[in-house]
Amino acid sequence: MQLKVFVNGEATVTSAATLAELVAQFGFAETGVATALNGDFVPRGARQSTPLAGDDKVEIVSPRQGG
Amino acid sequence: MQLKVFVNGEATVTSAATLAELVAQFGFAETGVATALNGDFVPRGARQSTPLAGDDKVEIVSPRQGG
Amino acid sequence: MQLKVFVNGEATVTSAATLAELVAQFGFAETGVATALNGDFVPRGARQSTPLAGDDKVEIVSPRQGG
Amino acid sequence: MQLKVFVNGEATVTSAATLAELVAQFGFAETGVATALNGDFVPRGARQSTPLAGDDKVEIVSPRQGG
Amino acid sequence: MNTALPNPTMPPSLSLYGVSVSSRLLLGTALYPSPKVMAESVKAAGASIVTVSVRRESARANSGMGFFELVRSLNVRVMPNTAGCRTPREAIATAHMARELFGTDWVKLEVIGNDDTLQPDLFGLLEAARALIGDGFKVFPYTTEDLIAAERLRDAGCEVLMPWAAPIGTGRGLANPYALRSLRTYFPDTPLIVDAGIGAPSHAAAAMEMGFDAVLLNTAVARAADPVRMASAFAAAIAAGRTAFEAGLMEMRDTAAPSTPVAGTPFFGLDPS
Amino acid sequence: MNTALPNPTMPPSLSLYGVSVSSRLLLGTALYPSPKVMAESVKAAGASIVTVSVRRESARANSGMGFFELVRSLNVRVMPNTAGCRTPREAIATAHMARELFGTDWVKLEVIGNDDTLQPDLFGLLEAARALIGDGFKVFPYTTEDLIAAERLRDAGCEVLMPWAAPIGTGRGLANPYALRSLRTYFPDTPLIVDAGIGAPSHAAAAMEMGFDAVLLNTAVARAADPVRMASAFAAAIAAGRTAFEAGLMEMRDTAAPSTPVAGTPFFGLDPS
Amino acid sequence: MNTALPNPTMPPSLSLYGVSVSSRLLLGTALYPSPKVMAESVKAAGASIVTVSVRRESARANSGMGFFELVRSLNVRVMPNTAGCRTPREAIATAHMARELFGTDWVKLEVIGNDDTLQPDLFGLLEAARALIGDGFKVFPYTTEDLIAAERLRDAGCEVLMPWAAPIGTGRGLANPYALRSLRTYFPDTPLIVDAGIGAPSHAAAAMEMGFDAVLLNTAVARAADPVRMASAFAAAIAAGRTAFEAGLMEMRDTAAPSTPVAGTPFFGLDPS
Amino acid sequence: MNTALPNPTMPPSLSLYGVSVSSRLLLGTALYPSPKVMAESVKAAGASIVTVSVRRESARANSGMGFFELVRSLNVRVMPNTAGCRTPREAIATAHMARELFGTDWVKLEVIGNDDTLQPDLFGLLEAARALIGDGFKVFPYTTEDLIAAERLRDAGCEVLMPWAAPIGTGRGLANPYALRSLRTYFPDTPLIVDAGIGAPSHAAAAMEMGFDAVLLNTAVARAADPVRMASAFAAAIAAGRTAFEAGLMEMRDTAAPSTPVAGTPFFGLDPS
């Protein structure tokens, strides 16, 4: 079954049922990114048990330069 | 009956039962001062109906220079 | 006889024999300008008695805005 | 014969006939000081040939701290 | 006579909470050598608004009304302050007492966060401002140059803001001109009154040249050797700064530019010798 | 109306070469959008002295006397300058021509040492000053804040000195306040007029607060969006600065000091909560 | 060779959250011409702490870990920031994501209140700091010179404060030295790191001379013509400023005082001619 | 150990009268608590040039050579000064005595015009410089920021100029940065050494960032609580300022600019709440 979610601000249609599956589908190394769902942090260990729902707002971030 | 109250920070013993009586006993013109009881403003019109209790903290103020 | 002189930095050929004549030939009111010859001031009263020579440098100035 | 001279601003009576003798009488190493007479520098080599006269102003200086 | 010094009435373009104000100099009433000098200074300043306070009355002194009578005789609008209050609760109660005594809903709101610098506690200030605006006060918050605090105060309903120039009584002038300039830029339409830290007329003029709407001061006048003349000096400087702002200041340049015309300079082009 | 802005007449305490001067603002006559605006600006400034120059006249234009008529109609004293002169010789001849044309022995002596900064050549300035004083001129030297040059100029017979604030036309204000202050301290009795570099009324007020006797400017008024109003702004600021100087400015402090009395602060001593 | 420029190791007197830090220069990792230049600049700076961020990863780029590897190779401690967060909620979630990614509980907490000035929202900052400290973070708040905000942040559990010098990226240096000085005086024992607005080594040295404990910067190095050499310049300047603070700066004087001894001056007392 | 503080040797790009100089810090030898501290400070400064003077010798003391021996042992070049001289004649004779004693034709030429400000008498300075150059001296004139005096001194044969920052011993730093900057711009190829008035390493760094070639100081080191460490601090700051000048400082901006990249900011575009 397909869901429309927002990943890093962009609308995406996905078959992933959980946050963990979504991260995997995007081809990210599990330990290479951190995630938030609808504005709240979701720890790596909780992604498996975090189901996705329609219009969810997902943030997937990685290390970057900073000042 | 006598009460110990604090008027402008100084301990005083008074027979006044209400804030209005206290103001009068101190010889202040009713309209010449403003009052607060235990940190809260008491409007002129409410002094009559404002009883005093032991250790009450009363502020009686008047106009002064300011910057 | 004709002379080449410099008036306010511009080469001019003149028949004037004196500074006074030169000022007159240029059509300046006698009292409307002040003069210098070869870097030195020439008072109004001395213009008549100030002969011109070839290549003389003459300044003829008048009042102007200043800061 | 005795002369009154000023050495470094202080009046002194000396029997020295020359600047060189004066420097020696004061016990200065010949090369340890530099000299001036009445406001003008006197090189080391010229002290011998520099006679003293009454009221001469002699400066005898040596190295010191500076900013 | 210097007390005749200028307090030009300018177009009443300044409006505070809907009240049109003629003078851009707001003056404090404290620290003067005498009540008489205070009164004359207010007149010399041409001030239309003066700040006052409430203080504990003593049965013996009973002096409050005497002062109030004097101020009333000056025919100026009074703005009570909450000077010395350390908490929103103290400031709120003090504002209410002042409103009852002075019969005005204007209040210069001070919530002091530090006894050494007497600087505003922006957190307590915002909290007190919200409460007092809810109680119907017209709040004039004594604040810093902080842009965000200014925005929150305005959003809370403050129609006027009073950023400091420097800590009260220091007379240091504009401690952070850069930040004040950006505050002015960011609030083009909110009346901004520079309050506290002004020590000399040139400081006040500089604030006005930046486009601030008015200046509130006290110590610099009251503690001058001659307060009355100093009041007139500030009035003139503030009028001057405002006029300069409206008349369009020249651009500052890095390199010199002749004022007297270069064209026609005598001896030009001749060998300079 | 802003052109009605203050130019308070102060006690004519300022005396220049024995001439008592009522206004402490000296104004240049160049760079204005029109002669009319220049004339109105001089009036708005309340200036009693204006600076002028001499320039090469052309047979065609013959415009010099027209300008002079206009200035004459202003009933102010004119001070011709030697702007643009690069050598003492040029300055001396120019001063003589100006004296004959304007009928005054006052001269603002400029000997320019550098075309970029238009700054005084102190060496040429001193030489020219000596010569002109010998010729009976009253010399107003345009100089820097240099103490020693100032001393030599005064010893040469200059009864007034005109140190710069910053290079001509930059409008930067007091580039070296510390040195200007020490110049003022060192010459308590010599009239000192700050000339050039003033860009805003607050700059002029600051100079006057330091105790300078007057300010001479041109560009900041002439190049303002509204020269006439700017002239009145400078007049007010200079009067303000002078009055403040006479009225005794407060001392600047490092730490805050309350203006509103601390004694009797409501809720004092109670637990702030 | 200039990359050999000094980064003297000083007694590790600086301790941040119990971690003793050898270098008083904290460096940002953004805006460099290349990762290689960034890495060399960090080395030239002798920095022991660098700031980093988290940003949205794209399936295509997948570049995050590459950057992290590079930083890891520098053997420095990383301090993630919450740059760009406009609310406590955003900052809190971002801090948590950063902690998981970088494996550190240190966070440079930014809650930006205004997109033009990028200045701290002191209200949101305090709220976010409280929450994050509750979650076990070691919070380094990017704040202003506001004394009261500083006090509340410290009371909330911030053991280090990072006041700005001027807005991020302006390079203006210390916009309000007076307020920074009083902040330092008021918090003698709290490590204070000047963060943002530093444009030149002299700015950083001035902050250290005031007694600030360290300086955090990025743009001034990354945007220099030669970032690597500029990094070494800042390292030297910060060490110099700190050493000067410890070595006791001379008192500034108003009047001159000879360095070379006056006693024994040749020709003294003789008629100078 | 802080005496280990940086004195990086930079490319010997600085050449004074054809002599290539490695350190850009010139140090005075006066006012130290002891000769030993002086010697250690010179070493800590890494100075390659120190200033000295001549003073009247007394038969009793006979101490001059002792000092000279100590300086000789430091293996640095000495530059005698003419400190305290009030006239060209005094300065000329003093310079000659110094040349004979120290065996160098280098001289720091001071002709003091005022005992309070100890400032250069530009007129006497130029006269003395001409005479001494005629006598074969390499003259290092202690002058002001005056452009014209600088030009005349250079035309007289001074290959190096030493403008002041502020009066000797005041430690005020750069009193007129604007004028110093234009002096530097106007003499791109003449070695310019900022001499006198420097009070803190940040002042010295600022001068070097402007592009000045070196700094000469004394009081700020000698009168520090710990002169040796302060010497090392100045060495580091001067190296830092020079390196920054060579590495190209960022442009100062009026408005903020993010250092951390904006692209990819988490939660961007979501409703901030």
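In order of appearance the chains are A, B, C, D, E, F, G and H, and numbering begins at 1 in each one.
Simple rule for what comes next: a contact is a pair of C-beta atoms (placed from the backbone, for glycine too) under 8 Å apart; a residue touches a chain by one contact, two chains touch by 3 or more.
Model, not experiment: these values are computed from the prediction.
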Lowest number of touching-chain links that must be crossed from chain B to chain H: 2
B-E or C-E - the one linked by more C-beta pairs in contact: B-E
Length of the line joining the C-alpha centres of chain F and chain G, rounded to whole Å: 45
Averaged-CA centre spacing for the pair chain H and chain C, given as whole angstrom: 54
Rounded Å distance, chain D centre to chain E centre (Cα mean): 70
Between chain H and chain G, distance of the C-alpha-averaged centres to the nearest whole Å: 29
Multi-partner residues of chain B (each touching 2 or more other chains): 8-9, 36, 39, 59, 61, 64-67
Set of chain G residues in contact with two or more other chains: 28, 30-31, 53-57, 81, 83, 89-90, 93-94, 97, 116-117, 119, 168, 172, 218-219, 258-261, 264, 266-268
Contact footprint of chain H on chain G as seen in their complex: 2, 4-8, 10, 28, 30-31, 53-57, 81, 83-87, 89-90, 93-94, 97, 116-119, 167-172, 199-203, 205-206, 209, 218-220, 222-227, 229-230, 232-237, 239-241, 243-244, 246-268, 272-273
Residue ranges of chain E in contact with chain B within the complex: 28-32, 38, 51-59, 62-65, 67-68, 71, 80-81, 83, 89-90, 92-94, 96-98, 100-102, 108, 168, 218-219
Contact footprint of chain D on chain G as seen in their complex: 258-261, 264, 266-270
Parts of chain A lying in touch with chain G, wherever the complex brings them together: 8-9, 26-29, 32-36, 39-41, 43-44, 59-67
Complex contacts: residues of chain E adjacent to chain G: 113-114, 116-117, 119-123, 126, 144, 146-149, 151-152, 166, 172, 175-176, 178-179, 182, 186
